[in-house]
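Some structures are shown below for you to check.
Below, chain A partners chain B and then partners chain C, in two separate complexes.
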Partner chain A sequence: MNTFLQLLISALLVSSLYSLVAVGFTMYVGVINLANFSHGDTCVLGTFLMMPLFLYATKAGWISASAGLLIPLLIILLLLITGLWGVAIYKVLVKPLLAAPRLILLLATVAAGQVIREGIRVIYPNGSNPQVFPKLLPGGGLHLSGITLGYDSLTIIFLTIICILSLNFIIQKTKMGVAMRAVSQNPDVSQMMGIDIEKTIITVFVIGSALAGLAGILNGSYYGITKFNLGSNLGIKGFSAAVIGGLGDFKGAIIGGVLLGFIEVFASAYIPNGSQYQDVFSFLAVIAFLIFRPSGILGEKIFEKV
Partner chain B sequence: MDSLKVGKEKSLFSPQRIIGLVVLLVVIALAYSIVAFDSWVITLISLIIGAGLFLAYSKFPGFKSRISESLQGDKKLLLLIGLLAIIAIPLTLRTQPYIIHVLVIAMISMILALGLNFQVGSTGIPNLGYAAFYGVGAYTSALLSTKFGVSFWVSILLAGCISALFGWLVGLPTLKTRSYHMALVSIAFGLVTYIMLNNLAFTGGPNGIKNIPAPEIFGWSLFSSLRIFGNTYPVQVNFYYFVLIFTILAFVVSRFIFNSKVGLFFNAVREDEIAAKCSGINASTTKLLAFSIGAFLAGIAGSLYAHYIGYISPENFNMNTSLQILGMVIMGGMDNILGVGIGAFILSVAPEKFRSLADFRMLATGSIILLMLMFRPSGIIKQQIRVYAEKLQKIAKTTQG
Partner chain C sequence: MGKKLVYALLAAFMIVALIGCGPAKPAEKQTVKIGFIGPLSGGGAAVGIGAKNSFQLKVDEVLAAGDYPYNIEVVYEDDASDPATGVAAATKIASDPDVVAAATHWNSPVGLATVDVFHKYGMAQVFWGTIHRDIIYGNDYKEPVRVIPTSEQSMELAAEYAKKFGIMDWVIINDTTDYGTKIRDEFTASLEKRGGKVLETIGVTVGQQDFSAVLSRVVELQPQGIFYAGVTTEAAGVRIQSMKQGLTNVLFMGPPGIQSDTFGEITLTDAEGTFCSGTFDVNSSDEGKAFVQAYNAKYTEPFEQNGPYAYDSAGIILEALKAVGPDKAKIVDYILSHSFKGVIGDIQWDEYGQNGVGGLTMYVNQDQKWVKYEDSEYASGKRTLPWAK
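So, the complex of A and B:
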């Protein structure tokens, strides 16, 4: 029973990280029908931007002085930077290629991911090797009748829930959220209704990239380690989660992330030798979904129109 | 009609033919100087000269039409001379086996790029896990010949077929879905294959498979050096000619498929799947066919690689390899067989010349793909416009006669 509960917590943790990545993915698909394969590498870019920031802050003596306040500030600063990075990706890469065939845009994002990944490896000192990531999250944990609830995993789950709830509020209640939903349904008509499409898309890119950066630093600080090529795996998992939930559907992405996290954690725990094959299980799940329900759990059936 | 007559009465050294010969010689000289010297400066200069000439060629319409006309007119003669040059090149490099090795790898890359071109170029399906098919072929062939003692000729065929089967299977889940699903499935397949090769016992895990025997032709192993006129040629020369035959076959088959109805179906599905379906094309079969053919070529290339190097490990077939091959296709020109060959040649030879910058190799590949897609998505050589007028004329002539 205790192992089960422990696994449950760790599944929730993995689910949170996947959901954060998947949300960005699904928003891009929803709004401009773009599968952004550089999304996972944006997460890793976040971690590699965080490390020098943290180092600088420690050297300047800010961290030791008032640790409690500064780390959240650092994280917010990082979210702003990765958000700006999202704008850059849109302006430089996506916008000039929007008129081109979708295949070109897709391949361009794949190449951009590789450029980010290899750029980090080449530019960062000793970048080919795994890097120690600073502990941003509180250590220690609650001990409840045999199981340990680490404060770090609790913080990650809690932060994810806050992000998702506030994003849900933005999408459902604010004007910008209405604009996003309108653009995802029909860009032409929403433009006619006076929606600034460009602004909407940029907002989506800011939110998506910032969430990716958050997922990256949470991931890095939980495992205490980061590497230049972690992003391809994280990105593919996020995309898989988005596909399972139904591409373009915000809630679906979260459901997909949770499902994927649970499959991964429980399969690697209960299937012999499972931890070696944990990625295989999640990919099998995606392929099963693509065969039997290609539109995902919440997605509507796609009807192609001539 | 007039032009046909002129073509027949052309003298032995008409200006047209001389232009064609000069162009061919320049191309051969450039390719040779890119490859043959152990100095990255010469490679860089030749690449720049080549790029400059090519820009001049494509910028000035008069120049372009003149050259393409003379190339078309003497196609067979020029092809023959080009082939002779390709056959002669390794004989001049007798003392530099490494350069011949680079050329062998370049030819294997060409086969790979031709295969991927069917999927990404002709049919427009993103395949980001292509190296997995390459790996399946290499491992199939290696396992068959090391564990079961199967001869090379059987194992290369089986490698191609099993790889093609995998291609068909990977294509299946994506028939109902969109292009980005395909991208996801192919990445997933690539990663799963990589994980499996690393973890399964019978594939040797991360250590891979060693001591893969060289191919034998009528009992003569390709690992024995040739002696001609008192000169001993390194074993790489044997493999050069051996792989050359497969490469030429791959080019001929690709060209045949491109010009056939199937090639047209591929293009139709890429341009507009619904319209293709309405015209009576079975889109699912077409896509699966593109997958199987591409994977078949990858399997053949994998088998050649395994038997040439004699040692394979999962690291040869990871995501980076997939992106490398994708870069060749995009750089050369999607859906253009000649272009893809050129892209494969440049992207497999240049890194060997710039070995001091090996750390930047993947960054450079990524940047090249990105820049090509942004500024010249058609690649070095644009895809050809299918011309049916000549064929129709021929048919009209035969029916009249």
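So, the complex of A and C:
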């Protein structure tokens, strides 16, 4: 029973990280029908921006045992920077190609991901090598009858829930959220109704990129390490989660992320030698969904009109 | 006009003659190329760069002595710890007609992949870093020789310490590469020979980040020791996450693949009291200490665990080249039929080309550095070993 509960916590942690990435993915698909394949690399960019920021803050004496509160400020600063990065991606890459076929835009995002990856590798000192990521999250944990609840795991799960609830509030209750939903359903009619399409899309890129940055630094801080090419794996997992949940569906992305995290952790634990095949199980699930329910768990069936 | 021309020609002739009377120019030394391959990028780059620097240090020292008959140019290639990249690098070096011998690789899977390439081209291949048994014993080639001890020898030492500490119930977590599985099998054999028991072996992949499911199973099994058969990055991940799951009072041990300062840099205080059945302790001899001094005077990157082996590999190649000249076949024969004196001691090959000595050492992590166990505060009793707390 203890093992099961411990696995449950591990699965929730992995699910949280995947959900954060998947939500960004699904927002792009939902609002402008774009699978942004540079999204995973934006996660990693976040970690590689955070490392010099943290180093600078430490050297300047802003971060010490007594000044731990500055870490949240540093994280907020990082989210702003990655949010701005989202704007840059939109302005430089997406906007000029908005009228082009989506396949071209998709390829452009694949190329952007490659540029980020190789850029980090070339520009960052010893960028080819794994980098030790600073511990931004609280250490230690609660030990309850054989189960360990790490404060870092709890912080990641808590932050993910906060992000998801806030995002849900924005989408459901705010004017911008209404605009996003309207643009996702019919951009032409939305424009006729006076919705600023560009502003809406930019907001999506800011939120998506900031979430990616957050996912990156939470991932780095928990595992203690980051690599220039980590984004491929994170991106593909986030995309898979979004596909499982139903591309374009906000709640679906979260469900997909949770499902993927649970499959990975429980298959690793309960299938003999499952750990070495955990990616195989994840992608088998994706293939199964693509074959039997291509619209995902919450996605609507699409009927082509003749 | 005619006389002027004659004088001018005479003057020009004299100038040319005077120039010709200058001191005779010494004959140019022939430049010979030797190769070095290692992981200069990727997860093993720290080790690769330390070995590269050590290799170059020996070359520079030999050339600086002034009496070496050749100029040496070292061709460096990166194998990125990847067998395919390694084969490409090996082919590039072995097929270069100007290169006469090479020192190669840290990762066993890469060594297993390239040993055929060097054999095909008949070029001496001195291994400074791979410890998989089959690289030397899995073929009947005379080109490969290995300075570093085998994984078998290393795992014997690991099992010996397990017995010494009375830690007999183990779980082995191995990466699924040739290196990881070989280490797993050899540690199992060495441990069982001494009455120990492997409760379970669990495979993980290189590049895997989350080991929580694996470690939940380990918690269930309640072993006295966890052996990670793999290399630094994943070993560090396993260690950090095992501590998070409360596996604080077990003996955590790894093979030479984790003997990098990076392990301590990633795991920080979680590194404390972990063990590594590692390679030569360079501070155990005067030659070793001199190497450390010379290295540190020239380079800022640490030489890591394989530096001394790479340094000696360069010495072996240069000595053979000096003795028989830039002839690939003769160099192969010379290396295999001679013993050498290096910083790791007297290097003597068995009939397959494996060095019989090499100073295997058990290390414990103390303040994020690998320290020879006998010299540590754990051995002196100043600090308490994790399972004794």
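One rule holds in what follows: the second predicted complex is superposed on the first by the 302 of 306 C-alpha atoms of A that agree within 3 Å, B and C clash if a C-alpha of one lies under 4 Å from a C-alpha of the other, contacts with A are read in each partner's own complex, and residues count from 1 in each chain.
In this section, a residue touches a chain if its C-beta (ideal position, glycine included) is under 8 Å from a C-beta of that chain, and two chains touch if they have at least 3 such contacts.
If you're wondering where the values come from, they're calculated on a predicted model, not measured in any experiment.
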Query raised in the report: Overlaying the two complexes on chain A, which is it for chain B and chain C: clash or fit?
Result: fit
Requested in this report: Mind working out whether A:241 is in touch with chain B, chain C, both or neither, as first, second, both or neither?
Outcome: neither
**Report entry** chain B versus chain C as contact partner of A:7, first or second or both or neither
**Finding:** second
Requested in this report: Please indicate which partner A:276 is in contact with in the superposed arrangement: first for chain B, second for chain C, both, or neither.
Outcome: both
Report task. In the overlay, answer first, second, both or neither for which of chain B and chain C A:129 touches. Result -> second
Query raised in the report: Regarding the shared-chain residue A:74, is it in contact with chain B (first), chain C (second), both, or neither?
Result: neither
Query raised in the report: With the two structures laid over each other on chain A, which partner does A:101 touch: chain B (first), chain C (second), both, or neither?
Result: first
Query raised in the report: What is the contact status of A:57 with respect to chain B (first) and chain C (second): first, second, both, or neither?
Result: neither
Query raised in the report: Is A:268 contacted by the first partner chain B, the second partner chain C, both or neither?
Result: second
Query raised in the report: Counting only touches as set out at the top, which of chain B and chain C does A:217 meet: first, second, both, neither?
Result: neither
Query raised in the report: Looking at the superposed set of three chains, what is the minimum CA distance between chain B and chain C in Å?
Result: 5
Query raised in the report: Which parts of chain A are in contact with chain B and also with chain C?
Result: 233, 276, 279
Query - Contact footprint of chain A on chain B as seen in their complex - result: 120, 124, 126, 128, 172-174, 176-181, 183-185, 187-189, 191-192, 195-196, 199, 273-275, 319, 323, 326, 330, 359-360, 362-363, 365-367, 369-370, 373-374, 377
**Report entry** Interface residues, chain A side, partner chain B - complex
**Finding:** 29, 35, 37, 93, 96-97, 100-104, 106-108, 110-112, 114-115, 117-119, 121-122, 232-233, 236, 239-240, 243, 247, 276-277, 279-280, 283, 286-287, 290-291, 294, 302, 304, 306
Query - For the chain A and chain C complex, residues of the former touching the latter - result: 2-3, 6-7, 10, 13-14, 126, 128-130, 132, 135, 141, 143, 146, 148, 150, 152-153, 219, 223-225, 233, 264-266, 268-269, 273-276, 278-279
Query raised in the report: Quick one: in the complex, what on chain C touches chain A?
Result: 41-43, 45-46, 80, 176, 202-205, 207-214, 216-217, 219-220, 233, 236-237, 240, 244-246, 262, 265-268
